[in-house]
Structure formats: C-alpha cells, structure tokens
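Please go over the structures that come below.
Consider the two complexes below, in which chain A is the common component and chain B and chain C are the respective partners.
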Partner chain A sequence: MTPLRGALDRWLGRGKASITTPPLDGAFRPNDLLDAAPVVLETPAPDSLAATALGLIVSSRNSLLRVDKPTPAPLASFDAEISALVGLPDGGAVVGLADGRLLFLGGRRDGTTIAADRRIGCITALAPAADGALLLANGSADQPPADWKRDLMLKNVSGSVWRLDPESGARTQLAGALAYPNGLLEERDTILVSESWRAALTRISLGGRSAPALEDLPAYPGRLSRGASGAIWLALFAPRSQLVEFVLSEDGYRRRMIETIDPEFWVAPCLRSSRSPFEPTQQGGVKQLGVLKPWSPSRSYGLVARLDAALRPVVSFHSRANGRRHGLTSCLMCDGRLYFAAKGDGVVAAHAYEEPTP
Partner chain B sequence: MTIGEWATRARYRYVPDHVVGELLGRRWMDNVIPVALLAALSIALVATLPNFLSTGNLSDLSRQVGEFGLVVIGMTVVMLAGGIDLSVGSNFALANVTALTLINVAKWPVVGAIAATIVVGALSGLLNGALIGFLRLRAFLTTLVTLTLLRAIVELLLQAFSVQIASSDVESAAWDYVGAGAFLGVPLSFLVLAAVAVVAQIVLTRLRIGWRIAAVGGSRRAAFNAGIPVRSTVCLTYVVSGVLTALAGVLYAARLSGSGPDTGVGLELTVVTAALLGGNSVGGGRGSIGKAMMGAVIVSLLTNGLVRLGLASGATQMVVGGVLLLAIGIDVRWGRWRHKLRAKVYVSPAYLALPPAPLPAAASSPYAMNDRLREVEIIGLGEVDGPEDVILDREGNLYCSVRQGDVVRFLAPDHVKREVYAHVGGRPLGMAFDKAGDLVVCIAGMGLYSVDPQRKVHKLTAETNRSPLSIIDDSRMRLADDLDIAPDGRIYFSEATIRYGFEEWVVDSLEGRGNGRIIRYDPATQSTRTVLRNLLFANGMCVAHDGKSVLFAETWGCRVSRFWLEGSKAGKTERVIANLPGYPDNINRGSRGTYWVALAGTRTPSYDLAMTMPGFRRRMARRVAGDEWLFPNVNVGCVVHFAQDGSILETLWDLAGENHPAITSMREHQGYLYLGGVTNNRIGRLKLADADPSFTGQVSYWGERR
Partner chain C sequence: MTASQQDATPLLEMIGVGKDYRGVSALRDINFDLRRGEVHAIVGENGAGKSTLVKILAGAVTPSRGEIRIAGQRVLIAGPAGARRHGIAMVYQETSLVPTMTVAQNLYLGDEKFFNRLRGTYIDAQQFLQSLNFPVEPTATVASLGTAKRQMVEIARAVRLEAKIIIFDEPTATLTPEEKHHLFALIDRLRKAGVTIVFISHALEEALEISERITILRDGAHVITDEAGAFSRETVIRHMVGRSLTDELYGRAAEARKSRPAGEKVLSVQNLSMQNVVRNTSFSIFAGQVTGVFGLVGSGRTETARIIAGVAKRDFFHGGDIRFENRSLRYRTPREAVGEGVVYVTEDRKGDGYFETMSVAENIYIGRISARDSRGLTASLAQARGLAGFWTKKLNIRTLSTDSRVVELSGGNQQKVVIAKALVQRPRLIIFDEPTRGVDVGAIAEIHHLISALADEGLAVMVISSYLPEILNLSDRILVARQGRIVEELSPGEATSESVMFAAVY
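Take a look at the complex of A and B:
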C-alpha cells in the first residue's frame, strides 16, 4: 500500500510530494533589523567570523581581515580561497582552505600547516573540541565549496563530519551521509551539525549516530556559534522557496538545467539575487510602481536566528527581499553586539543585542 | 533535437489539451451525460430487441412518451422553482378516473369532460401550491400527503363507479381519436406533448414568468429581494404540474379506457428519475424543457425495453430505482466536480522552443547592455498608476492610459499640470490618434473605443466574427491591447489572448500557445474582422512609414513581424526581427524612417528551458502558488531602435531597473523619447542625440495641419 501511495502522491503532487515551505512566523516573524544594523566593514564576500586574541577577524576570499580595527592590509593572505575559519580557545585560529589544507595562526600551533586529505575536499566549517582535537565538516564528497549550488541541485547527500588530531594529523570520520554539513558546534559529548539541504540541525553522538535536533527551518542553515547561557546563534544563508523545492522535485527540468545553463542563472537559491537581467524571476517579484515588495519571493535573503538551550528558535533578525544584507554565512556574538557577515552583499555589520540571562 | 524532445513537440502540437478546459466551461456540457446515455441505450435496444424499430412499436412507444413526457415537463417546472411534486401519480389516476366517469357514466361531451378533468387537476395542483407557496410548508412532505389524499379519493371514486365504467360502451369518434388517432402517422398524444414542450420552452426562456421561476429556484432570497412575488410564483408551478398531469391522465384514459387501483402507482418515482436524469437540478434554478424531454425519452425507452426483454415487473422497478440513484449522484457531483476539474485543467501549457537568445552581454552585440535609461527625466512621479501607453498630440500634450480607466493628460510645454482627459473605464492600453484628431484606445475587457476632441467617448467595436471551430466564444474581445491606423482610416488592433482577461495575462505567458490575434475595424462600414490568428500574445502594432504594411510584436515569441496591407504580398506575413533578447511590447515610429520597440522584460535561460517543457509548467501551475511561478524578468527596462528592414540600430537599457523597469511603450516626439510602463508610477523622457528634432507622430501619420 505504502509504495503505491508514494507513487500516487508523486504523480498527483500531494501528500509527501506536495510543495510546501515553512512559513516565516512565530520566532521567524520578519523584521528589518539586519538592514538597520550599522556597517562595521565593507569587503567583498565576507564569509566566516572568528574571535581570536587579536580581536574579531573575518575571512574574505583569500584573506583574513580584522573586523573591529580595520587595517588597509589584510592580516594574512593565502594562495587559495578560505572556506572555513574558527577561533581556538588558546586565542589562535584555524583556517580551512578550498583545496583542503588547514593552517594554524596564532596560539600554540602558530604556523603549522596540515596537508590536504583527498577524502576531505570541501571544508565548510571547523570547531574546536574540548579535548584539543579539531572537528571538520566536509560539505560534499565530490563538490568544492564554491559549487555548493550544484551540490544542492544534484540532491547530493554525501557530506561528512570528521575529527582531526592536530598532533598526529590523523583523521577519523564521525558521521557520513549528511546533506551538506555547513556548521559545527561541540555540545558536551555530542556534536551539533547544521545540514543545509535538509534545512535541519542534526545531533551526532560519540558513537556516530545522528538524530534530528531541529527540523523544518524556513531557510538553509549555515554556521553555528555559541551565545550566552547555552543559547546558539544560527546563520541561515539562503531562503527555501516553493519554486526551488518544485524544481528539485522535477528531475527532467533539473537535469537539463544543470547540463545546459550557467549556474548563475539556475533556479536555485543564491547569496544575492537580481544581479543580472538573465537570472530567473518569479511572478510575485515583479516591481510594482517602481517598488519591490519586501514579501515578494526571492532567491536570496538575510536571516539569523537565536536558539535557546533546548534548540527552540526564539529570536530572528531579517533582511527581506528588498533588503541589502543578504546571504548571511556566519554570525558571532561579541561584546553585546551580534556581528554578522552578509556574504551576498559584501558587508560585515553589528547589531546591538543584549542576550537574556536566565 | 533528441527523440524525446521531438515526441514532446508532437504530443503538444497534436493533442489539444486546452480544449478540455474550454469544454468544461460550456453550459451545454451539462447535457453530455444524458445525451451519451440516450445514445447508448438506443443502440443497445436496437441491437438486442428484434423489430424494435417497427412502426407498431415506435407508435406505441411515442404514445407512452407523449403521456409520460407531459408529467415530466410539469415536474421540471416545479423543480426549476426549487420544489418537488410527489402527488403526480395520484393526480394522474384521479384525472384518469374523472375523465372516464364523466365520459362513460355521466355521458358528458368529450370537450367538456376534458376541460372539467383539467380543472380538477388544476385544483389539486392549486391545493399543493397554496400549501407550499403561501403557507410555506415543506414541498416533499406536503405532496406526499396529497399523494395519499388523492389516492384515497381515487379509491372512493372507483368503488362508486368502476363497474359502470367497465360496463358502459362509449360511441364517440372524438374520444377514440384522442386515444388512438394519429396525424400524418404521428400519434395525437405525441403531438400534444410536442406542442406543450414548445410552449413551455418559450415561456421558460423568453417570458418574464419563466425567468422568475428560474430565479426563485436559483436563490429564493435573492429573487425576493429583486421584487419577484416568490409565493405566487411557487404556487403557480404546482398548478402547471397539476394541469399537465391531468392532461396526461386524459390521454391515458382515452387510450386504455379502463381504470384500476394501480393506475399511476409509482409514477412519481419514474417522473423524478426522468427529470433528474435529463440534467435538471433537484435544488432548482438549473433545468430546461430539452433536458426534461431527454430524460423522459431515456426512461420510457428503458422501461419499454425492460418489459419487452421479459423481465419480471419487480426487476424493472429495481432498474428504475438504480437509475434514479445514479441521476441523483450525477446531479449532486457533476456541477461541483466540473468546476473543480476545469480550474485544474484550464491552464494548458504548449511546447514553445525559441531560437537561442542573442547575447546582450557581448560589447559587439547590437543589444549590448548599457545604462542609457538611467538618465531619463521623470514626469508625473506618483501621479499615474501604470501608464501602459503614452502618446503626444499636435500641441505636444502628453497622454497616457492608466489603471483607473482614465486617459490622463499632462499639458505642454513642461508636462507638469495633470488632468484626466477622459474616463473610458476598463483598463485602457494602446492608443493612437486618427486623422480627425480622435484618440482611439484599446481597452482590455471592453474593446475598441475612441475619444473625440470634445472628450466624448464612443464605442467603435467590441465584437468580431467568431472562428468556426472555437469552443470558447471568441467573438467578444477580452484583451484588446494595441492598435494603429492605416492611411485609409482602417484600424488594426491586437488582442493579446482570447483565453484570459487582463488580470490573468501572466497565465497566458505560462501557456505559450498562440492565443492572440489581430483584428481589423473599418470605420467606413463599421465592420470588424479577424485578420490573423494563433499569435503568441499579439501586442504592439505599428503601421509602417510607407503605410503599406503593419508591424506587430508577438510577446512570448520574442519576435516582430510584418503584415502586408497592399502590394503583391498583401495579406501575407513575414518576419522582421526573428529573435529578440526580451519580450517585445508596443512598437512605434521613430524619426528618419526608423521604429522603436519596447522590451517589457528580458529572456532568461531558465524560462526558455521551461518553455520547451510543457509538463513542467503545467505541474508548476497546479502545485506552486501563483506568486512563486517562474516568470520572465520584467524588472529590467529596455528599448530597441530598429530600421525598416529589421536591423538593430541601438538598444537602450536600464539594467538595475531603478528608473524604468518594465517599459511597455515609447513615443518619439521632437527629439525626445517618452517612456511608459504598465507597472510603473511615472513617465520617462529621454533626449535623443541623433533624432530629427522636428519629428512628431502626428505629422508622420497625417501630415502637416490642413
């Protein structure tokens, strides 16, 4: 009965095959707080924020920049694009490059380089473990970090989470078959992972078992960072949309689109939409009387959410369809301000926010 | 082209999906099931029963249909007003026994006896009508009670007179003629039925009382609020039913000349079955005499056939009961199901493969992208809502057609003072001045209108010839879009689509079928003809500088074509620009023999791909909310300047769409280009570097002022 019903549902587009996305309601009620936040730094494609002994730093393409005291010259530059960055408890930082190498800066291991491993070619996030090891999120088994859109449209579920011993350089896989792990956080003896393409947070236990922790997010979750009293900050880098979910369900169209069209013009989420007149648009996205309505469907969006200790979303900050702070890949709480990197719009900004204490 | 693609193309070229939705929208679709049933039943009976088509059998059958059909017509009238008459069986028996008693026992003359019987039937109908119409008792229960009451009267009459009826012999040629006579081979009862049916049809469809009956059945409260005397109308329907039942009873009496206790027993059931099976609604408001007749014939055929097949009488009743259940089911389900299905299948995308789009990104392309339109001056910001078309008169006043149904005018020379030139209603779109200075306007939802210099609005045309095989009525104009006027005064205008109104034009983009057409209106003879059909959203129209051809744009086809008006190629169409990088809207004349075409949006690779996958678009239309549909990019402004032969001279863009997204029209006037947009709140004005500063549309079309 069940396989028959599944096939019938797919044919008629109902039941599990119906095209729905979670509404922006409850803790996700839209606002314009991200657009109201003052700019701290303007730089092309700011990606990952990290707190170090030097202060707050951000990765931007090949370089590391200081956020709080901007200097004309970058703090460090590399020969490959930076795909992940995290601050370590000893005040140093680790940089993951797009080619799979890891570099330590500052702290005890300053200057150490760990060579790439061919099994880990898409480092999307890093996190320090309590025992001094390093946790790695490998977004995809076959796509580099820059091709995340292709990974989504191929419906890949090939990501993995790894544990790296910095002393020996030994890597062990903790979990596999993840739908683009894109954020990591160690919580006691489990690891919290944001699985972008599943629009969910997943908890991985020591034994490697994974269990859903928070599902049905209205956007694709990115990097995670810690807030006060067990809270967690989550950056969501692109919105889910009915149209994209529909295209994902249409294998014929999806395949021909991937084969024949430039990824920039795909019907797929992106960090900043409406850059080119050849991008797809949607009927509700037509400007009326010269104004783009904030509620119009958009392939890009700005969204940050604060989850309480039980992982319930409680507060969110938005940059809506007509906003100018889209494609948030990371956020970090620092000195009573929420810093966020809007990669789509090339801005690091900070919103004053006092975290509630229990 | 792959085999799969070829198969898709063939599938969508030869299977007319759109017809299904259009058929379901027609009212006569209600009759499809009864007609099919009738045909199937007739074929089955002819095939299974020997000599079914013999004269004797047909004559017999038509007599039965004659009596039965009269009662069904009465029932239909009652049901049309929202009621039901279950007393017809007893009333029929009462008429039978009354007629026989008066003729056989009382020896009344035939005419007097028939008249008296009909009066008796009318009185019992009046009893029903008074109780249901004026005292507002429930029709079902009341007629159930009168069914029993009248049956009791029949029994009493039979006790008193049955022996005398049976024993007496009537010598009356007239009475025999009523029972067995025929005129030109057609039995009398059938002729009576035909006459009654014609009269009833005229009354119900052409006379005030007929409309009132349908109105009461459709919505009692609305009919009351409209001033219709609901109670007397309802009462009247029962009287009609009583009269027709009595008439049927008389015919029956004359045919069989016998009366028994089982005359008319169960008649109400077969009559209701027939009325419902024909497609009359049990809830009222929907029904016709044609449907009643169809139901009557089906049920008569069925019972006649079953009897002749030799089924036991109980089995016949069972079959009739089963058919009644079927009819009730169809009555309840069909209407709702039809509308639901129609809403689902009406949008039916077609296969449309456009040639690969030219690449405006390349600097060497004639479509090379720039931001020339970012410098336009703005006129009337926030004072106009969607100026789809703009035009200037001889004095330089600027006119635009806006969403509120107005033609708004900005006065020369500075275009600051604004006034409503005329309120035309509807959604005015394209405009043109004729030789006399009348402003001719295409109005979506209305047709072609003109505004004379005294600002009086005249209707020119709203109707064209209907295409012979169209299912939807395409004689009315739903979306008149743009027009231009030939030197001989004939007006050529485009209708973008015949399947959607202005509010739904985006759905037409999803279909990508040739739903558009070009229509010609001749003011001299006031005649309207469709000259070209099956165009992909016929849009901009522009008569060429030499007046010998008219250029037109097909929006979803991304092309501009020429329709020859005179010369050796008159009546022929040829392509002028085959492959634009966007969706063309209005076309207008430029100076130095050139033309301008507005691109309302750019083509996107994702949408071009979707146009070759109709199934994808059909599922998108059903499963994804309208606001989320994939759509051409209309947030970019673009105007293309081209020469007589279709070669591109220059392209003006507003890439960010900040000043002028979605440009739908432009007019060149004295060295400036004026821009309008259907979703904009402004009009733009751009100084042209190399235009003829003396060029105006008025002089170009109609010469210097006389």
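Take a look at the complex of A and C:
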C-alpha cells in the first residue's frame, strides 16, 4: 500500500483504517450458556486453569486453589502474583509469576525454581512441548501482566514466544513482534499462539516463521487448551467494539487519556464493566426500567469457543452484556465438563458438555 | 329480465374462448365465469395461459374464437378503453404509470378536467389514498417510488375508476406482509361493495386465503373451477403441475431439518452503511451453506447485496468494511466483484438480469466473458452455443432453441437463464435476490433444488427472499433484516413463520 493510499484510507475510514468489528454470528451466535453454568468456586480474580495429578487447579492472585475439591486453604501461595499456569504431562504444574520467575510444582521437578530473565517480564501463558521443553509467551517487552490494558492502548507489538530448556534454564526466542501473545498450544511441529491485540490466532513454525491461523475474531483471544477429543478451546477475555477501535485510531486522544485518566476509566476493554457510575459513556449501554439489555454494547463480555481441526470456530458459550461471567481468561475441558475462569466476576464455573468424537 | 334472474346470471361469462399465436394455441376453449362480488383466483404455472385469459378480459388481447357475455349480453371488448366502458379494470404486474408525473397526476390521468387545480387534485388524491390505507405521498413523482408503492398507485387507479371487475395480476409480489394485509382488507371492502375481483397469484396461500372460487389452468387449458374450500395447497399444486410438488417445495420446513455445517467464513460484512438504507449492518456468510435473509421491503437487504456485488456504493466516509475470504474489498463495478467470484442474481430480472432482445446463448455467453478466468478478447458463436447447450440441459431451461430470444421464455425459464448467466462466472459466493419471484411452482422446485445443490458443492450461497416458506425451506441459517441492519439470526430448528416475522417487524 502506498503512503498516499494509506493516508487516504485513514481520512476516509476505509480498508485497514475502517473502524469495524466482526459480528457475533455463525458459530459466535450469542447465547446465555456461561451464565447457566453452575459455580464451582468463588475466589478473587481466578485466572489460569490447569489439570494436574493434584486435581484441577486455578490460580487466584498469588495462590493456587483446587477447583474440583475446593478447600479453605490454598494449595500453594507465592510472594508474587501468578500470571500463568500450566499442567505438565508428568502430573506436575509450572507456575509463572508476575516478576518473571518460574516454579515447578509436583511432578519430576517439584520445587525447582527458574530465575527471572530480564528479557521476559510478562509471562502470560505457558505450554509443555513434546520434547520436554517449556514454551513461554511473553506478552509485552515493557509492560507487566497486570498492565495489559496499557499495552493495548499503547498499541504495542512487542510480545514474544520463547522455548525454555528446564534442565539448563536456557531460553531461546522463537518469535517476536507479536501483539500480546496470551495463549499457547503446541500443534504437531508448530506452535499456536493467540495474539490478543491482533484478535487472531497465529501459527509459528519451529523456524520462527509465523502465519495467520484464524483472523478477525470478535473478541480479544486469551488462553488456549485442548480437549480430550483433540478439539481446541479458546477463551476470549474481552469484546472488541467500534468505540475502542476508534480510540485506538485516535493517537492524540489516546495519549491524553493515558496521561490523565485512571486506567479503570479508560475507553478500553476490561474484564468487568458497569460497576462504576464514572465509567466512560457506558458505551451506549441500553437500560430499560433499570435492566441492562443483553445486546447493549459492553466493555466486558464472557466468551469461549471450540475450534475444529481446521481452527474454525464451531461452538461458542457466551455471557452477554447483562451476564455475570465476564472476563474469561482461561478454560479447560475436564471429565465431560467445560471449566472456565471468569476473572472479571471472580468465579470458576463448569458447563456439562459432551465433545463430539472427531 | 327480473331481479332474481339477474342475480343468478353470472356477471361475466367466457364461452369456448381460445387464442392462437401463429398457429400455436396459447388458450384452448376456455369456459369461465365470474359472479357478482366474488374474489376469484386464477392459478397456474407460467405459460398456463392466465395472463392471456385476463388480457382478453382487459381488452389487451383479442380472442381467436369464443364469445364473452357480460350480464347475459354478448359483448365485444375492443381494446382497454372498451374494457373500461364495460367496467373492467386491470392492475398489471409491470406497472403502467408515467414515471415523470406525480402520483396524483397518474391517478387522474385521462380523467383531467378542462381547468385543473393542482392543489385540489392533490387533496383529492391524498384523501383517496388514505381511504385505501396506502401510505403514498400524492405529490411524489412515480419515478421516486419503490416497486411496492408504484403497485399501490396502480391499484388505487383501478379502484378509482369504479370498475365492476378488477383484475389483479400478481398484486402481492412486491408488497410487504403488512401491505398485503392492507390490500386484502381493501379487496374485502371492494367485494362487499359488489365489485368482482379476479386475482392472479403464484402464492398459493394467498389464493386459498382470500378467494371464494379458484380456477386452475394448465398448458392453456381449463383444469378445474371450484369453491376455494374444496382445495388444499396440495390439491392446487397437483392440478397445476399434474404431479405433487408439496414435499419438494415445503418438505424441509415441515420436518425437523438437519442443516449443513458451516464451512470457511467467506464473507464478513462489518458495520456497513449506506445513507439511511443500510445502517451499520454486520453479518457473515459461510461456505457450504445457504444463508437465507428475510426482511420486509425497506429493510435494506437488496441494497446490502448490491453493495457487496459492486452494484451500489457504500457511504464515502466510514462506510464500513467488507471482507471476502479475509481480504478487505471495495468493488467499484460489478465486473470487479465477478472477477473475484462474487456474483449477484438480481431481483429485477427484466431490468438488470438479461438482455431481452438477445438470445439465450448470447445472454449466457455474456456472463461467461465477464468471468474472472475469461480472456474475453474475441467472441465465439460456437462456444456460446456450446455453453448454452450445456446450461439449458443442466438447468432444464425449456426453450425451442438456444437462439430463442429470452423475452419469449416464461418467467421461470427467464430466471433460469439469469442463473445460468451467473453460474458460468464460476462464483465462490452467489447472492440470489428473490430467486423465485414471478416464477411458477414447477420452476420454483427446480430453482430450489439448484440452490441446494450449489451449497452442497461447497459454494457460499445467500438467498434474499420475502417469501417465508422459501426462506424456511432453503436456509441453513436465517438472518432477519430490519431497518437497514441484520437484527436476528435463527437456526432452521428455531425458525417458524411467527418467529421470523416477529423479528422482521419488531
């Protein structure tokens, strides 16, 4: 595209500069299935789910909790917030902390800690590789995990995917210049990465080449997991909206908003909206007789999708604008139930779901 | 003649009426009568002779044989003016209004006084249109009106002439359900006032709903005339085509259907806008599925399809985005869209679908040479005939030869030519806009089979239709448009006439 064409498109709001969002239709047709799912655990900010020999666990701030058999005391607690968690094939788990450290829990390497690397300060997702290595998603080169909203508003494309040898602790960068990698899954000889700010899934080869796998998602994709049938499950943690897309196209406005306004009240997606009367414009939220209409535009939403072998969305579960399961950061199929962590609403819930056999 | 004898005598009788064109019989010895104050439906496939029959009544066609009696007296209907003198008025399917004149001027055309006061004419017209419940502005020029409103003016003009017999040729083809409701109420009022209504329609439900008697024609011959209560949809269709098509036309709607799974997302329309007609609409179309789009007239369905196909332009500033196979596109002409594999089959086949003075072969070949893989520098008549031969056979286009002019074919076969013209372009996305409007039931079944087969082959198919049974029968997904945007998506299992109509209206 010539610079002239680019400038013209920006002025006219066309092509790549068009301020649009994909519709929630087809496999993404809205429903209320997430809200119908029974709550399994209520805890502040549940984030990442993992199936381990200890059972199904979830990270909640700086603790790990059992989901399948909730106990009053946490399974483990750490001195920093947990930003990523994954179960390993040997039954153990790896915890990624917000300061960049990695800790092994259970399994062969129980108690091992791998020190932080200054290049990797925003661990958003972890995945075991078939050869025993560990794959890491570093969401941003300069923002911590808690500041994901700032990373989006700064339009950063500084994320990276790394391969870590657990024996030596050596880290190798597989791909860079990613728009907030937030979910990882090894697929045959490639790695599937959810790039949140591109609203897309990207396939990265071992040689580091990246190719789009699923584009133009209606919400920001988060963590990926695989069900027993081999199907891929994707948690989408916040909806895209025309207003946010517009703000992202207005550099001056965005800069002043970042400088002068509390991040909670930015015109930006969030894990739970409609809790403060100071929220910006409520995005035209439609209320009638005090009831929030489910189709009203919202800064937060709950969405999980199942993808088929060709990475096409086939089924989705929703919590709409008026729902109570927003900000889904992680989901996992386990024993015929789809568990999901709604970080925005502080619940882990499970929906009975029979996966079709491939 | 006494009063009781007058009541028993049919208002109009046709005895042994026939019409030949160059030795070919279009109408064969028809015996037909109309009673005072009845609604009489005439149904039949395209080419059955319905139009010829009513054109004889309206004085547009002179019969080759037979006689016509009005109130027992033998008459000769000499031209439309003669028909009007006998109290017969006709509302044509293709409107006969003067586009550059206003609605009021059209209403009073041929009935002007020596000195006309325009204001008085407008006031009269306004009151008259209001009495009919037609929301048409009398000062608007006819050219600025949509098809449905033109039809209303046409109907209003016939009613104003205070005819004893009013013939409606497909009056509801372009009307919304609400407008149809108004029309049926008007027909009922006219019937109660003693006016006889002759009603031609392809929509069998309408014929069964509003008429008292039904006459069925097939291949130019009279098949049966009976009270409407004696017919069911099934029996009407059987008489019309000589076989049962009910399962083919409505079978899928009746049972729990298994819809085709969605393939790749082929088209993503995002926040598309065009003035007040298309308003920030968004939807997707998937390969291997038929996506039905239902909506009332004015819901922006056709305009959206025309923007996608490069026929119309979206808003210049921030008009939204259309992504075809993940690429953002903006077609300046339909040729560019065809080049990419996006093909639109128009709702106005006569105006935009074919060149009526050209042959079937030439029309299909024109489609071919605008396709993306056509080199198109030279035209080959042999290739055109070969192509036409293949497609006339494949789509079962009934024509004497591929050199016949399209205008000589029946509506259903004309539509098949338009479809053939689209299919030779090898589309990846095909948009059918009212694919069976003005098409007889036999051809409807064939067109439905064809559309389903295209989806089975993996094409992304979008069908825009105002005819609910068609949408319910064909679609794997149903989108409902209202006021310029898609407002509802239904699966075939959820969709009923009520649920779709509710979404379209409220």
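Basically, the second predicted complex is superposed on the first by the 350 of 358 C-alpha atoms of A that agree within 3 Å, B and C clash if a C-alpha of one lies under 4 Å from a C-alpha of the other, contacts with A are read in each partner's own complex, and residues count from 1 in each chain.
Everything that follows uses one rule, which is that a residue touches a chain if its C-beta (ideal position, glycine included) is under 8 Å from a C-beta of that chain, and two chains touch if they have at least 3 such contacts.
What you are looking at is a predicted structure, and each value in this text was computed from that prediction instead of being measured.
Once both complexes are superposed on chain A, the partners chain B and chain C clash.
By the touch criterion defined above, A:Tyr253 reaches chain B but does not reach chain C.
Within the superposed three-chain model, A:Ile261 lies in touch with chain B and out of touch with chain C [touch as defined at top]. Applying the stated contact rule after C-alpha superposition, one finds that A:Gly26 touches chain C and leaves chain B untouched. Legend: residue contacts after superposition of the two complexes on their common chain; A:Glu279 is shown touching chain B, with no touch to chain C.
Comparing chain B with chain C, more residues of chain A are touched by B. After overlaying the two complexes on the shared chain, residue contacts for A:Glu167 are found with neither chain B nor chain C. In the superposition on chain A, A:Gln242 makes contact with both chain B and chain C. Contact with chain B, but none with chain C, is seen for A:Gln288 once the two complexes are overlaid on the shared chain.
When the shared chain is aligned, chain B and chain C each come close enough to touch A:Gly13. When the two complexes are superposed via chain A, 219-227 is the only one of 111-119, 219-227 or 327-335 in chain B with C-alpha atoms clashing against chain C. According to the touch criterion, the shared surface of chain A, contacted by chain B in one complex and chain C in the other, consists of residues 13, 18-19, 242. Chain C contributes residues 261-265, 268-271, 282-284, 286, 316-321, 323, 326, 328, 330, 477, 479, 486, 489 to its touches with chain A in the complex. Residues of chain B that touch chain A in their complex: 369, 385-386, 506, 602-607, 609-610, 613, 615-616, 619-620, 622-636, 655, 657, 661-662, 679-682.
Residues of chain A touching chain C in their complex: 12-16, 18-23, 25-27, 29, 212, 215-216, 242, 310, 312, 314.
Partner chain B is touched in their complex by these residues of chain A: 13, 18-19, 241-243, 246, 250, 252-253, 256-257, 260-262, 265-267, 274, 277-290, 292, 296-297.
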